[in-house]
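Two complexes come next, and they have one chain in common, chain A, joined by chain B in the first and chain C in the second.
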Partner chain A sequence: MTVEASTLDIPVAVAPAGMRRRVLRRILRNPLAVTGLVVVCVAALLAIFAQFVAPFPYDQVNFNEPLRPPSGTHWFGTDSFGRDQFSRAVYGLRASVLVGLLSVVFSLTIGVPFGLFAGFYGVLDPVVSRLTDTLLAFPFLVLAVGLAAILGPSLTTAVIAIGVAQIPGVVRVTRSETLRLRGMDFVAAAVAGGAGDAVLLRRHILPNATNALIVQATVAVPGAIIGEAVLSFLGLGVRPPTSSLGIMLADAQTFVRDGPWMAVFPGLTIVVLALALNLLGDGLRDALDPRESRSA
Partner chain B sequence: MSLLTVRDLSVRFRTEDGPVLAVDRADFEVGQGEVVALVGESGCGKSVTALALTGLLAPNATVTGNVDLDGTDLLALPESRLRNIRGRDVAYIFQEPMTSLNPVLTIGRQIGEVLRRHRSMRGRAVARRAAELLELVGIPLPQRRLGEYPHQLSGGMRQRVMIAMAVACLPRLIVADEPTTALDVTIQAGILDVLRHLRDETGTAILLITHDLGVVADVADRVVVMYAGRVVEHSNVDALFAHPSHPYTRGLLDAVPNPARHADGGLREIPGRVPVVREPSDACTFADRCSYADSLCRTQRPLLEPWPGGHPVRCWHPLPARQGALI
Partner chain C sequence: MSRYVLRRLLESAVTLILATIVVFIGIRALPGDPARTLAGEESDPATLAAIRSSYGLDQPLPVQYLRYVQKAATGDLGRSPRTGLEVADSIGHALPVTLQLSAFALLIAVLIGIGAGVVAAVRRRKPAEWAANGVALLGLSVPNFWLGQMLILWLAIAYPVFPASGFVSFFDDPAQSVRHLLLPALVLGSGLAAIVMRQTRSAMLEALTADYVRTARAKGLGSAQVVLGHALRNSLIVVVTIVGLQLGALISGAVVTEQLFVLPGFGKLTIDAVFTRDYPMIQGVVLVTATAYILINLIVDLLYSVIDPRIRVGGTAL
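Moving on, here comes the complex of A and B:
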């Protein structure tokens, strides 16, 4: 016993640090994740400070300079009304980021509890699963059109429509994680220690499902951003003259031949943002996995 | 008066292949501060018995009989009351230290959880008590370990943490379900030391489930032998090792590797395997594997009765008498 104790007492090189600090450190060692983080931060800052970053108001029309290619004054060129495309893209980013985040928060808020209960209480499972399937079978655009008819096209409509469309995915991931974790030894051990359902769900199941949920959210945020673009493109989301990356693409389709930059830059912005979010999500997932922290 | 008295405990499972009778009218006691070993092959109902005590079996199990813990009939209690008893009065230690701790919570949090749950401790007191517990189970640098995650500890250390959690509320009974099976031999010895030490220190009774007779000889005061869901023999540990009365117990003892017996060629096994019992039968469940079995064994259920000069055994032809006749 004493022999074992002394051999096991290996000095640990790393001082015990908080979990968050370790996660951050591990993200910072992953170049791809850092790239994603930087891009996402820049996009977030641009979105927040759009009015200071944009050289022109997003709705300032200038009929003297329609469809100008990118230049020193107009970095992303101008559209058919002579509006500065860079300024519009920056404001558009604001709508995209907002819709992306809010819709994911919305879907997690509703989907996680349902998934937990469905996975934990077998009685509820068939009900929740059938509801989820129904929602999944419901076409996203029909849902969005229906909501827009009731609420009117707006940013809120886009958030709710996209959020609702993402609920089934969240429920499924949470449910399957709950089912998996419910059978784990440490949950059985917690039950044997007198833990009630609330403690099991809150302390043992939900925290262990976090990684899967982060992955799910990582896929969902860029999906939501693209969804916002789709809705705005169809006129169901943000209304013109307010800018959004989707609206810019919608405007661009008439002028693909005369002003291809009108489509290229908003499109690139969406692609880069979605890619960066995915890289960041992968890095976060790796960094949050406590099993790999031996190397930290 | 025993701390734990189990009477007529039966456990039935409904399965897709029909009913299974996992425990068939088991009777045994565990006294205050006593270490009782529950032994038998895999699949003979040891773990099921242990889990049934506090209602930890899956919903497809039906438990009947009587489990009396110091005057309280545990089987009659509702789930909410059982939750208060689990971890506080009856604590469990499981076989798999590698997976029995929550990977995303620190050691301190997990031990603290039990203290918060049953002792209503809060704040600094929790951390202080958790550190004391780690020290009690022989973990060096307890303060630092509190902030670590399970993956940072070895298997033996994790099992010590599990034990620390089990003794956190000074339970009257610890059920240790093969606590050393997943560990290598030197670590096993350390863990057994800790259990023995705890019994001496805190006066807790231990129900030790194992198929390792070396462990039994090492720590147990009394032994309960189970076979195919039935208790077939029980006795204090010295008498059992000296005079195994049931052919099954004898078979178990003979199957232990022993250099003295290696001369006549290899290990002795008990032929066959534990049968799956579906209905309570009128025969001795061991008859099919027993070389002494006769028609009586195949038609009449033997009772668990002390034979003259011996301890209780469930056998029509207990060994000492037969051996005496033969030699």
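Moving on, here comes the complex of A and C:
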């Protein structure tokens, strides 16, 4: 054979543009998924443009108006310092979205290579399996507690704790996809064409594993956002005066009787965002992988 | 059978050793002198020296590690500089609270989850299925501590039916115990209930189209008997696995729930330890959790192989 492996036209079985359009069309036909998508986009815009959206600075104290119930001026009411709760929620959304995205990126960056190697090289499989088992032995919050003890509570701590807790899931999905794809004909064809391991993993296996990884990531984001709220609620994540939906809920604890709205609105914000992400995730899963579909 | 059990035992042992190494290194990864961290902020040189020799901090790391494991294996987890109590004793007092809470939550999650899952599968494309699906989706999207806050607001403050905090052991006063633990257990079990429901539903949907169910129907069994005796029985295997996998989430959830309802359990111990920088306590709590998690997973796996013989024959599953 005189042709070089890289120029050889082996069918790479990557989702072509046509298939991507089909996936998009499937999502757009699903009203629940569209609702989720719209809410997620709105939330992302609010988070990005928080300083233009929020009617008040998130840390503006106003002792003349403490614990005011929701009104035309203060949509979500005010807290014990008279801070506008709506503005704080919008900024809190920024922390949620940031931690949600960064932790998933973190877990993918570490989990995907490990999963690829474990699935591709049988020798490494038991080693990687033991490592992921060890990680799993530390429940997310216990892990966060340990990290907060070492690093101190911060947004970074939250990202690392949530990200690390999600690594085993990513490794498992990547590994099983790699195992499945490794046995496929187009991979055998690529090997016959002289492709090296690096080419196989990067050009043939990883692109075909993306669907499963996208599904895994969309499932992980709402979990990460709730995780951020939990950590900040416990004081292990984002620290005041920065606003976070979890911190708002922690502040609300003291004023459950006098200012119940302090607990209601930040919580509803998280629920709406997580619900939208879950709806979008379900829609994506149905569109990308009809076999795993809920309505199968 | 014995080969599978042996392999799982060996795997668990390796995982446990790795976990102890992580915990051991964790406290040494702290910036500064570990003796000072262990002793607390204000401590004189004599105390530091005593701690150094009692923790063997003057020894090489592998020796230190072996000593640490040796002590931990005999139940010696050190002493908390904050409370002056043995870490193992404190954990021993807190554990029953968390175990009772978790058991109650697990019961609620399994009852609601399986019930709703069966209804959703049997009543396909009917309002009952949509309702069950919707509630499950909500269960996955509502942070459990917020659900707790709302329940306290509603059922402990607006309509004081349940106490907002406090713990009574089930073995001292069952009625009061249930009254105190119902809200926390509901909060802790809600997320798990949603997951169990989804899994039960999909396992049931698959089982209901299986040949043995058609055979059962064909031989004239009533539909309750077909659904509960045949389809559900086979779907339960999936539920056992899911419950095993979700154990970590249950432990994490217990930390938050105990904090919210001021229950003197394991989770509260953990959080208090972090905020008072009580390192021996943190180390002990993390080690006990990891060990418990590994052991329970081992038990779930072994149970699973008893329920479904194909597992121990197949050996490696993908």
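To be clear about the criterion, the second predicted complex is superposed on the first by the 251 of 296 C-alpha atoms of A that agree within 3 Å, B and C clash if a C-alpha of one lies under 4 Å from a C-alpha of the other, contacts with A are read in each partner's own complex, and residues count from 1 in each chain.
We take it that a residue touches a chain if its C-beta (ideal position, glycine included) is under 8 Å from a C-beta of that chain, and two chains touch if they have at least 3 such contacts.
This one's a predicted model, so the numbers in the text were calculated from it and none came from an experiment.
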item: Which of chain B and chain C A:255 touches, first, second, both or neither; value: neither
item: Touching partner for A:192 - first (chain B), second (chain C), both, neither; value: first
item: Contacts of A:75 with chain B and chain C, given as first, second, both or neither; value: neither
item: Partner chain in contact with A:133 - chain B first, chain C second, else both or neither; value: second
item: Partner chain(s) touched by A:204 [first = chain B, second = chain C, both, neither]; value: first
item: First (chain B), second (chain C), both or neither touched by A:150; value: second
item: Which partner reaches more residues of chain A (counting touched residues only), chain B or chain C; value: C
item: Footprint overlap on chain A, where chain B in one structure and chain C in the other make contact; value: 294
item: Residue ranges of chain A touching chain B (in the complex, touch as defined); value: 1, 3-6, 8-9, 12, 16, 184-186, 188-196, 199, 203-204, 207-208, 210, 290-291, 293-294
item: Complex contacts: residues of chain C adjacent to chain A; value: 11, 14-16, 18-19, 22-23, 26, 29-30, 137-138, 140-143, 145-146, 149-150, 152-153, 157, 202, 247-249, 251-252, 255-256, 259-260, 267, 270-271, 273-275, 277, 279, 282, 285-286, 289-290, 293-294, 318
item: Residues of chain A defined as touching chain C within the complex; value: 130-131, 133-134, 136-142, 145-146, 148-150, 176, 179-180, 222, 226, 229-230, 233-236, 249, 252-253, 256-257, 260, 263-264, 267, 270-271, 274-275, 277-279, 282, 294
item: Touching residues on chain B, where the partner in the complex is chain A; value: 54, 56, 83-88, 91-92, 94, 96, 99-105, 113-114, 117-118, 138-141, 144, 147-149, 151-152, 154, 156-157, 162, 165-166, 186-187, 189-190, 193-194
